[in-house]
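Chain nomenclature is as follows: A, B, C and D, assigned in order of appearance, with residue numbering initiated at 1 for each chain independently.
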Amino acid sequence: MNDTTPVLSIRGLTLALPEGADRDNAVEDVSYNVARGEIMCVVGESGSGKSMAANAVMGLLPKGVRPTAGEVIFNGQDLLTLDEKQHRQLRGLRIGMIFQEPMTALNPLMRVGAQIAEVFEAHGRYHARERQGRALALLEEVGIPQPERAIRAYPFQLSGGQRQRVMIAMALALEPELLIADEPTTALDVTTQAQILELIRNLQRRHGMAVMFITHDFGVVAEIATRVCVMRHGRIVELGTVGEVLDNPQHAYTRALLDAIPSNVVPQARDAERQAPLLEVKHLRKVFRSRGGLFKPAREVRALDDISFTLAPGETVGIVGESGSGKSTLGRCVVRLEHPDSGSILLSGTDYSSLKGNALRRERHRVQMIFQDPYASLNPRHRVGYAIAQGPMANGMPRAQAMRRAEELLELVGLGAVAVDRFPHEFSGGQRQRIGIARALALNPELIVADEAVSALDVSIQAQVLELLDELKHKLSLSLLFITHDLRVAAQICDTIIVMQQGRIVEQGTAPEVFLTPHEAYTRQLLDAIPGRAHEPAIA
Amino acid sequence: MRKTPLAATIAALAFTTTFALADEPKRGGTIDTIIQPEPPGLVLGMVQNDPTRKVAGNIYEGLLRYSTDLEPIPQLAESWEVSDDGLTYTFHLREGVLWHDGEPFTADDVVFSADVFHRELNPSARAVLQHVESIEATDDHTVVFTLAEPFGPFLISFEAGTFTMVPKHIYEGTDFRDNEANNHPIGTGPFKFGSWDRGTVIQLVRNEDYYEEGLPYLDGVNWHIIPDGASRAVAFENGTVDVLPNGTVENFDIPRLSAMENACITDEGNEYFSPFAMLWMNNREGPTADKRFRQAVMYAMNREFARDVLWNGMGQVPLSAFGSNAKFRHDGLEPYDYDPDRARQLLDEMGYDGEEVRLLPLPYGETWNRWAEAVQQNLREVGVNVRTVATDVGGWNQRLGDWDFDLAFTYLYQYGDPALGITRSYRSDNIEKGSPWNNVEGYENARIDELFDEAATAYPEEEREALYHEAQEILHEDVPVGWLLELGFPTIYRCDVKDLITSSVGINDAFRDAWLDR
Amino acid sequence: MSFFARFAQNRGALVGLFILIAIIGMALLAPLLYPESPWRMVQRPFLAPMEVEGFWLGTDTMGRDVAAGLMHGAWVSLLIGLVSTTVALLIGVPLGAVAGYYGGLVDDGLMRFTEFFQTIPNFALAIVLVAIMQPSVVSIVLAIAIVSWPPVARLVRAEFMSLRHREYVEAARLVGQTHGTIILRQILPNTLSPIIVLASLMVATAILLESALSFLGLGDPNVMSWGYMIGAARTVIRQAWWLSFFPGVAILLTVLALNLVGEGLDDALNPKLARERS
Amino acid sequence: MLYARLIVMRLLKAVVVLFLIVILNFVLIQLAPGDPAAIMAGEAGATDEEFLRQLRERFGLDQPLYVQLWRYVSGIAMLDFGWSYRQGMPVLDLILARLPATLLLTGTAFVLSLALGILAGSMAAARVKKPSGSLIMALALIFYATPLFWVALMAVVLFSVYLDWLPAYGMYTVGAGHTGLALVLDIAKHLVLPATTLALFFMAIYTRMTRASMLEASQQDYVKTARAKGLAPRVIQRRHILRNALLPIITLAGLQAGQMVGGAILTETVFAWPGIGRLMFEALQQRDYNLLLGIFFFSAALVIVFNIITDLVYRLADPRIKGAS
């Protein structure tokens, strides 16, 4: 079905970064074609330069980045030679683009309909009155529920998935020959992601567009791509059809990336010796009330609704759910960053949920946490050694001893003792997450809560950190409450998995049970939505 | 009975002659001038502050006016007699005078004003009235004042601002201060109250029924309210206003403004009040309690410099407590010339140890601030440790009233006679907390009290002179206060405004005779 | 890139720094170059600039050397600016920190208090305070501080609000650090950049405020500040433009310099850039 | 209706704030040295105990402080602001007579500064790193750094004295007897200098704020979206960047209201503008407590009303706030 005449042809493209950047070129000598009717996936980890070529196509290169070699041919025209005005005539009309963050990509102050109509206006299409009608038709096509209402809505009134549909509607408004989608599903929940991918695939088939799809996720690639271009450090590592690349990767890097993807092979559940539970959560409830104040009626969100489970010493329990499921609130309640409304948390049989003030502060060392964001979890003004040592010091350990402990821990997480005197910004994201782990270990906690501890990391790094956690788990017989939105990650490391939805536990069981023989529809839905799952055996 | 109408007639004749020499007055036109600050009210007698006197002096009248050499001129009183014992004063009122509301002005109004209105409301009038035993209207146009004992300055106390004639038919039996009419003052003067646009302008309009034939020449006077000194100067420069009454512009602007084409300047019209700048020195405690220190201050200050730089060379450096146009001035005293060495010597003698001396400037504008800075520097240069304490009017009043100062600037009016203006600052029975206008410095000298008492009631004038001379010698030696300068507050006006200043109260009743040569 | 390199990228900031150093130099050199009191009447009044050698900026209404006043005034103006800003920070930072860190009712109460101060017109309040306390360096500094702390409190509060849920702050709570330690060691250091930038602008505003108070006659008569010089020269602005011109320019340059430096600091310390870099 | 409820609630809050302001200022003023009676006596140049006693009794200053406070507060509750000691008029009359002038001055200056500031700021944002953009910013910085009263003085010297284009002071030509359109033009002419002077500083603030805010907004994703649509830069600048950039400016403008009333004190003094700023300064000097308190009450009320208006405008401009409820 592929029409082989390329709509877009990138040849030997080199884009120079401004002086002082960490490398000379954003992309170097990149060549690939995107043909009508195909979805070309550009894959790479952060910093690979995968979006740069797309920006060059759109004429939206960041400040300071400029082409130094090569050409970008679109319909026989070298886009690099166009001036801003000529480029503008192509944008929206013949090339459409959708972005990663649907939350911020729409003007918050304009109604959705007006924003779509703007595309027509920009290219002088239709009479002003007709534009709303066209916009409505587009909203219908991208499957927004109640399009008549949506057209009058402001972006904040729509969900993330709906906003991404609006973005797609805008990009498709003038039936462009080329659609560029820059990580369009990364910010979405897995089930929404599946729907959007489905939508893009359908629209692409219906309109016969060429699509350039940029992503970091091989699962998405497997789901949608016709052809794949793997990039690393601004260079193309591998280029081929989806089958070639996924099933028979030629380059070591591609293989490494594919290997790093958490697989479907679920490790056997360890026989948790049935001993007294370390953590007992009983009937935990938590309702968030937005302080409506004078004018807004107070709104209630049931973040936790009668949650009960146990965690045995040395066990890893995974909490899985989409955003809004209450999984993070659960974690925060267990570490006592939030206070539950009712219910109890017992730690080795003693009540941990009713402690307050100084009593709580003195007991806090028993439960520690590994945070999600490697950038926000370390104080940029504190040296790494101090960041780790401050826990023991706050609990009465002399400074010198605490610093020695920090050195040991940094050795343990594989950073080396020299790291103590360095600042967080000198480390990469993966390294920082190791520091975060070291900090959590510093107080010899009975329980560690890991809240999306690997979600912000690139797949390859993610794999390394998971490996470290697994290793430490065995070495130190850690008890872990592992919170994630990613079922595959959970399956890798957890003994037991709890699936949450809207503050309730939907299903819980051993990892193989939940992953391979789910009982509940929602769990199945989650599993089905995992991108590339159909392709999984091939990848593995 | 000594009859004085002759003197009055001569004075009046003298004025008529000056008029005759000038061009024939022209009728019509409105004069724009400035009032600063905005007066609190326009009912003279109820309010006696300077801006009220300036504006309302053209609405209200007294029994007498005073020429620039302080001789009485008839106003509402056509003539008057004084008994030989100096105890009975008989005033014959002008007939046919109407209040602005059309009611006739009679002797009853005079009695009411003096005996009821002023006794209740007016502290300056009270000071004079305490010498008065009775006031009677013998007929519609004759009033007799009987004094308990002779009071030398009695005849000079009838100036409109102090002894205003107010309409009995409006005020009698009412709460004076809450009277509705206060918003629309009713007088007998050449101008009627027109309108008052708060913060902007007070307009006076010609009194068509004025008893002096042909007067006033002007159709009206607009008193503009412009709070900023620089803007006031600009208003004169760009022709918006024609007359800058004394004290309305900063001294530094005066040379420039008076040098303008068609601008005239006069320092006449200050004679009645003769503002006298003084430095209160606290006689009670601190270094200033020592006579030598106070003398040192007199020698340390360069008063000529202050006059020349700050007052444009206008005004007189006084010898001692009596100003140059004060009656009974003693000319034979040795002046306190600028002599820093003498000052240092005196300070050495007394053993001044560098104790801090607080200096309060007068919070009435920049000139006074500069002056305080100059005095501060003068004193520092002879080794006095001075700290200037800034205050606003409220703070200044309170500190003086509480005697919480070492040195403080002020200026006081002389009111034409030592018994009215000068005595109050030195008599020991005038030491009382709470007022910045009495014997604030706390000077106590029994001989001085005696001399001033005798002089006030001595009769006739020749007897007073000797007493006052002795008093001046004592004061000159004791230096109870620093005598800084007799201020020359000039009035600046367009030269085509004619016959502006015709009495010793200057602008306060200036527009009666003024006319525009346009 | 080092802090100074980032700062120096902003050419305006360099110019500002240069001017500021020059002004500080003036303040420091004043006692050496003009050991006599600036209040001394040393020459004929109203000497125009360059008219007499040694009096390059002329003399004022009383024959005092304008140059001497300007140099000594630099010291006073800077001091008033710095001290009042420090006092304002001492009020605003703790208030904002406590409000932002604890949130809830504490925050509500403190913010109502702050809003209350912002409802009274700033300059009017300053005037009243100086009038009540009577003009002196101390009362002026206090008045300026009292009217200028609310923006500090708001800024610090906003920073604390955004930082208190940072993961590193939560981590610090989890390891058992006390609230005091967290406020002082974890959050406060991270709010310093915007505070420093704001403070540099506040010094400038304070100098302007002082001059405005002096203009209305509410300056301290014992110290020669630039504001005093303009206030005193205002009445003779027509005769002697230089008397208000030079101190006016001095204020202008100082405020300008402080603003430029503030912008440079903002560039160099900008938390957003820092976040991107890290 | 949401707005009605909002306004009612805000007004209730305002009453509390105003009440507190009255009490605070009442106490503050009592701390000032001197009292109105002494000052009025002082102005008369002569006084005696009797005179002071009369005045104090008349003003009620002989009562204990709490009685005075209670009288004042209960008066305010009935919208009775008392009498001005010095001016001998009801405070309310005095203030209402002066308020329009201040509203006209600050209102004009506000609109002027906001309009020009936003215009200049968006021009500078569009010309970032170009000489013309830098020039705008340099000018804004200079206006920002120049003392307000100094500009006012210079403006008078230049435009009134040397060029004689504009009147130097006052609100209208006294005695000219203008009516109707002539009066409006006359007032407009008098308004030019004070309003411009007052506006300059605030214009500088808005210019800088607009530019910064627009540069920030232009980094937002939705601007990239708009560019991807092929919209012309002009349209993007206006419809996407400026509109979003205006939100923080509305907030700032609300906060500046109080500053502007404060700035009006200086402007009104220099230009002899008969507004309440000047009246306040005079009342303070005179220790005219009732008048001063009344002015504080009104200017605070002005600030509050202004804040409420800003809030409403913000709500109109930002649909998210409305929708959140």
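The definition used in the following text is that contacts are C-beta pairs under 8 Å (C-beta built on N, C-alpha and C of every residue); 3 or more make two chains touch, one makes a residue touch a chain.
In UniProt terms the chains read A = ABC transporter ATP-binding protein; B = ABC transporter substrate-binding protein; C, D = ABC transporter permease.
Here the structure is a predicted model, which is why all the values come from computation and not from measurement.
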{"item": "Result of counting contacting C-beta pairs for A-D and B-D, higher pair", "value": "B-D"}
{"item": "Identity of the chain that, by mean CA position, is farthest from subunit D", "value": "A"}
{"item": "For subunit A paired with subunit B, centre-to-centre distance based on mean C-alpha positions, whole Å", "value": "88"}
{"item": "Rounded Å distance, subunit B centre to subunit D centre (Cα mean)", "value": "40"}
{"item": "Averaged-CA centre spacing for the pair subunit C and subunit B, given as whole angstrom", "value": "46"}
{"item": "In subunit A, residues with contacts to at least two other chains", "value": "none"}
{"item": "Overlap residues in subunit D, where contacts from two or more other chains coincide", "value": "32-33, 153, 161, 269, 284-285"}
{"item": "In subunit C, residues with contacts to at least two other chains", "value": "131, 134, 234, 237-238"}
{"item": "All chain pairs that touch each other", "value": "A-C, A-D, B-C, B-D, C-D"}
{"item": "Contacting residues of subunit B [partner subunit C, same complex]", "value": "229-230, 233, 250, 252-253, 255-256, 305, 309-310, 361, 363, 366-367, 369-370, 372-374, 376-377, 380-381, 387-392, 394-395"}
{"item": "Complex contacts: residues of subunit D adjacent to subunit A", "value": "2, 5-6, 9, 220-222, 224-233, 235, 239-240, 243-244, 317-320, 323-325"}
{"item": "Complex contacts: residues of subunit C adjacent to subunit B", "value": "37, 39-41, 45, 61-63, 131, 134-136, 217-222, 232, 234-239"}
{"item": "Footprint of subunit C on subunit D - complex, ascending", "value": "17, 20-21, 25, 28-29, 31-33, 141-142, 144-150, 153, 157, 161, 255, 258-259, 261-263, 265-266, 269, 277, 280-281, 284-285, 292, 296, 299-300, 303-304, 307"}
{"item": "Subunit A-facing residues of subunit C, complex", "value": "1, 166-178, 181, 186, 189-190, 274-275, 277-278"}
